[in-house]
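Please go over the structures that come below.
You will see chain A twice below: alongside chain B first, and alongside chain C after that.
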Partner chain A sequence: MRRAFLGLLLAGLLLPLLPLLVWVVSGTWRYPDLLPSDLTTRGLNLLGDRRTPVLEGLLTSTVIGAAVSLVACLIGFPAGRALGLYRFRGRRVVQFLLLAPVIVPGLAVALGIQVFFVRLGLSDSVSGVVLVQLMPTVPYAATVFGAAFANLDVDYERQARTLGAGPVRTLLFVTVPLLRPAIVVAALLTFLISWSEYVMTLLIGGGQVKTLPLLLFAAIGSSDTTAAAALALLVVLPPLLLLMAAAPLLSGRSGAMVGVGRL
Partner chain B sequence: MTGADVAIVQVTKRFGATLAVDDLSLRVPPGSLTALLGPSGCGKSTTLSLLAGLQHPDSGDVRVDGISVLAVPAERRPVALVVQKPLLFPHLSVAQNVGFGLRMARVDRRRRSRLVAEMLDRVQLPELADRRVGELSGGQEQRVALARALVLQPRVLLLDEPFSQLDTGLRVQMRALVRRLHDESEVTTLFVTHDQVEAVEVADTIALMQEGRLAGHGEPETFYQRPPSLAAARFFGVTNELPGCVQGGRFCSRTGLTLPTDLPNGEAVLVVRPDRMEMVDHRGPDTLDGVVTAARFAGSHIAVDVEIEPGRTLTAHVPVGATIALGSGVHLCLPPSACTLFGAGGRA
Partner chain C sequence: MSFSSSRSVPRGLRILLLLTPALVVVAVFFVGGVSQAVAQSFGYQPFLPSSRWSADAYRSLWHDPAVRASLGLTIRVSVLSTFLAAIIGVAGALLIRRVGSRTWAHAMFQANLAVPHLVGALCMLLLLSQSGLLSRLSHATGLTSGPADFPELTQDRFGWGIIAEYVWKETAFIGVIALAALNRGVSELEDAARLLGAGAGQRFRHVTLPALLPSVSAASVLVMAFVAGSYEVPYLLGRPYPATLPVVALEYYRDVDLTARPQAMAVAVLITGVSVVLVAAYFTLTSRLVRREL
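Take a look at the complex of A and B:
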């Protein structure tokens, strides 16, 4: 029963990728044909071809994703501590403001912000894109860390201090290891949000910062199904691999991610 | 290194509207094992937090060997704290937990592992060094917590109800372990407990705290024989109280018992422990007449309730085997040496 359920889940996850695998190797494939009339390696070549911007896109997406993940966690960690540990006046307001960027459509926000970014010289640059992508990611990081801190027994930190650890080493040797599952979840979540972000990257990057989603949309726009399939696979697979690699880092208590680790 | 001389000087600590510690002064001599005893919520744990540096007093001073440590942060004080929860770091092994403080003190790896092994021997857990923390029993957890604190050779050891979550048999063993570890290292130890039996059993001296104040400080025996206050007497299980008044150097209870005293004139209360009262055959100067209303077998003695006036009952402990008839008239003897008098305000 359990096995059947897992199999079903796996099928649901991987089956939509199957047509992509077919498309990526198919050349001409017209209406009445059941199968492509000829096969091509163009899709695969595209991935390794230095003249196309695919490899560069992969690199750009990775760099932006890592930077966004790092900064969002650095901001979300102390914010989450305040939200999870302290009962202060206006806590609910702060919580709502944190979630506001998630509720308001990104397109509207990005359009408004673009004006300022152009004035500040941040448009059309990787740093501008990283900055704007903090908006949809910091709320998630703060929320994940908020929940983690709410469950943290701060007496561990007090104990560490009586054992001679100052504030910095208490953070590094006690708090961070205790919150490791939350850190992994927050880092993954923010990376994935950044990885699949399209609208904000297009508006703030001004078409100069070419992440994988941008290349993918361009390929779809030009009806090049082979290139689109190749890029789609490239967008989908790294996050999947990343999730599987990270799963063992999560302890058994951290709920939803456990399933991935057992696959 | 031997234990430090610890002094709390006129310390006050408030949390919002509640006064947790109220002008407390307490001196713990070097190398002693002192129990800080009191009902829950009396400020014992706050006092330990103040000593450990995890809380700051609103006023007053905390001194170690005569030098104020208020400006010293918790991580630099020569003070170790073990609390009710073991608080072992779940991401570290037993040995790594014990070595945590040494690592923070930048003791090199070889020396560290030697000291950790020695310490685990002293708490009788050498075989558990490589275990994960989650696999330990409650008693083992507290032993590891003790080892983790003591391996740093602190000059003051603070124990905040460390065994209150363990079952009775284990608690007795752990008290003996604390006693032994203390005697070996002579670290000044302050042991917080709300259980007077535990305090009497483990400690050299007892400091009794009530409502944020020191209600008495002395050897365990004193609290039984000469309780420093009415509240202290009650906390140590004195149930027999005779109200009366003092006039011209003589206390006279409402039931007619008199006793010389140097208390000033006014209301006073005489207290006497049940185990110091006797049932005698003849009326005498120190006796009261009463009627037996109840008798309970209590293992080592029989507790007999004697009504001496309507609504006032005294309890006497009499030897097992004595014949007691319910409803019979008896004479209760209160030897003057067993009686303590408290004037207005509950002071002796």
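Take a look at the complex of A and C:
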């Protein structure tokens, strides 16, 4: 009985992916056919076709994701140190401020701030999109690092300092190696949030910065379902592979998984 | 240059320096963005001399039937999606734990988390629309004789397609959170309760549920706020009328008539308000539930 329910649950998890995967290789699949009448690699070929904007979108998405991930981690790391290692007045206020961007939708914020990006010449540019995506990602990085620093044994750092290492050497050869799992998780989460972001990229990038989600959104609206399904496959594979690679680090860290919910 | 001088940095200043970059990001983008949305909804136009403060935008929203329908739809979709995802996610986590085949089932939950919502929306279109896979299956089994016979599940008035997408994605999210909470020594507590003579129902009500509630309710709050404020899924799976608030906000924003700008901002402020109210209501409700349990 329990196994039947579990089977039902897992079938429900997988079923929505089934038509997508079949459409990727479908030439014609008319209603009410249960299977496509002919198969094609046209959709997959489109992904590598230089005449389509797909490869450029892949590059744009990767560059933006990597930049957002790097900057968010560089900003979140010191903030996490402050939150994890120190008890200070106003700590709860800081925690609340870091939680607020997670609760309040990015759409509302992006609408309000867009005019300033235009004024500063940051709209319609990759750098503007990277900047605005710091808003949803920095709080996650700070939260993940905060939890990691709270579990860090600072005596290791003290020993290194006593033995004559400067703050930079201590950071690079003691703190960073000790926090490696948290660094991987924070980098991965922030990259994935950036990778899936649609509406902020649209508003600040003005449709000029064509990341993969923007291309996919346009493809879903078109009549070429095969092309849209192939593009969806390209959008879903990197996060899937990254998450699988990092799965051992993610299990049990509910604080870290909270970030993935935003994808 | 001596690095060891950082030791002499006073504690308070050091904390401030560590926090400054993150606080600047939150202040500029979040506080700046929200306060600008509020200011612009009251007619303020940055960089233009012709700002005239008024509450006209809110007045016109109040009288706009599209906004009223949209508010109802937004709340319905976010509350129903969250509720269903929380129930199914927790039930799934408990099942996975019981059956013991935790690793692969757990892996499937996690894999689902990696699917971006935009891909999820396309999946739901291909599965649930009137020419989708389910419609074809019901035709093959003779339940329906054409696309029009199949119930409208996408672009429907109620928002079933939108709800289906969010339930599909967020069930996995809440399931993973619940499994993580169950991992923290809950089985030992349940065994202790059993030894003390607690029945299955009592163990669930007094041990398992209180262990799950804090993290599951926090996760549900995030889901609810996220659903209320996201754009792409309701745009692709919903109707132009009534549409959810984020879709209405972007529609106003893209209006060629710039006088619609304050209305777009007012809808953005409304979305923020709805998120905050839903979150506050949820917290009040769950904290009361927890108190009753104890």
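FYI, the second predicted complex is superposed on the first by the 224 of 263 C-alpha atoms of A that agree within 3 Å, B and C clash if a C-alpha of one lies under 4 Å from a C-alpha of the other, contacts with A are read in each partner's own complex, and residues count from 1 in each chain.
By definition in this document, a residue touches a chain if its C-beta (ideal position, glycine included) is under 8 Å from a C-beta of that chain, and two chains touch if they have at least 3 such contacts.
Just so it is clear, the structure is predicted and the values come from calculations on it, not from any experiment.
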{"item": "Contacts of A:Gly166 with chain B and chain C, given as first, second, both or neither", "value": "both"}
{"item": "Touched partner set for A:Ala66, first chain B, second chain C, both or neither", "value": "neither"}
{"item": "A:Leu178 touches, of chain B and chain C: first, second, both or neither?", "value": "first"}
{"item": "Touched partner set for A:Leu240, first chain B, second chain C, both or neither", "value": "second"}
{"item": "First (chain B), second (chain C), both or neither touched by A:Pro19", "value": "second"}
{"item": "First, second, both or neither for A:Gly112, with chain B first and chain C second", "value": "second"}
{"item": "Winner by number of chain A residues touched, once chain B and chain C are compared", "value": "C"}
{"item": "Chain B versus chain C as contact partner of A:Val126, first or second or both or neither", "value": "neither"}
{"item": "On chain A, positions contacted by chain B and by chain C", "value": "161, 166"}
{"item": "Sites on chain C touched by chain A in the complex", "value": "3-4, 6, 11-12, 15, 17-19, 21-23, 25-26, 29-30, 32-40, 46-47, 88, 91-92, 95-96, 98-99, 101, 105-127, 131-133, 135-137, 139-140, 147, 168-173, 176-177, 180-181, 183, 215, 218-219, 221-223, 225-226, 228-232, 236, 246, 249-250, 253, 264-265, 268-269, 271-272, 275-276, 279"}
{"item": "Residue ranges of chain A in contact with chain B within the complex", "value": "153, 155-156, 158-166, 169, 173-174, 177-178, 180"}
{"item": "Chain B residues touching chain A - in the complex, by the definition given at the top", "value": "52-54, 73-77, 79-81, 83, 85, 87, 89-91, 100-101, 103-105, 148-149, 152"}
{"item": "Of all residues in chain A, those that touch chain C in their complex", "value": "2-3, 5-6, 9-10, 12-20, 23, 31-34, 74-76, 78-79, 81-83, 86, 88, 94, 97-98, 100-113, 115-116, 119, 131-132, 134-135, 138-139, 142, 161, 166-168, 192, 195-196, 198-199, 203, 213, 216-217, 220-221, 225, 228-229, 232, 235-236, 239-240, 242-244, 247, 250-254, 257-258, 260-263"}
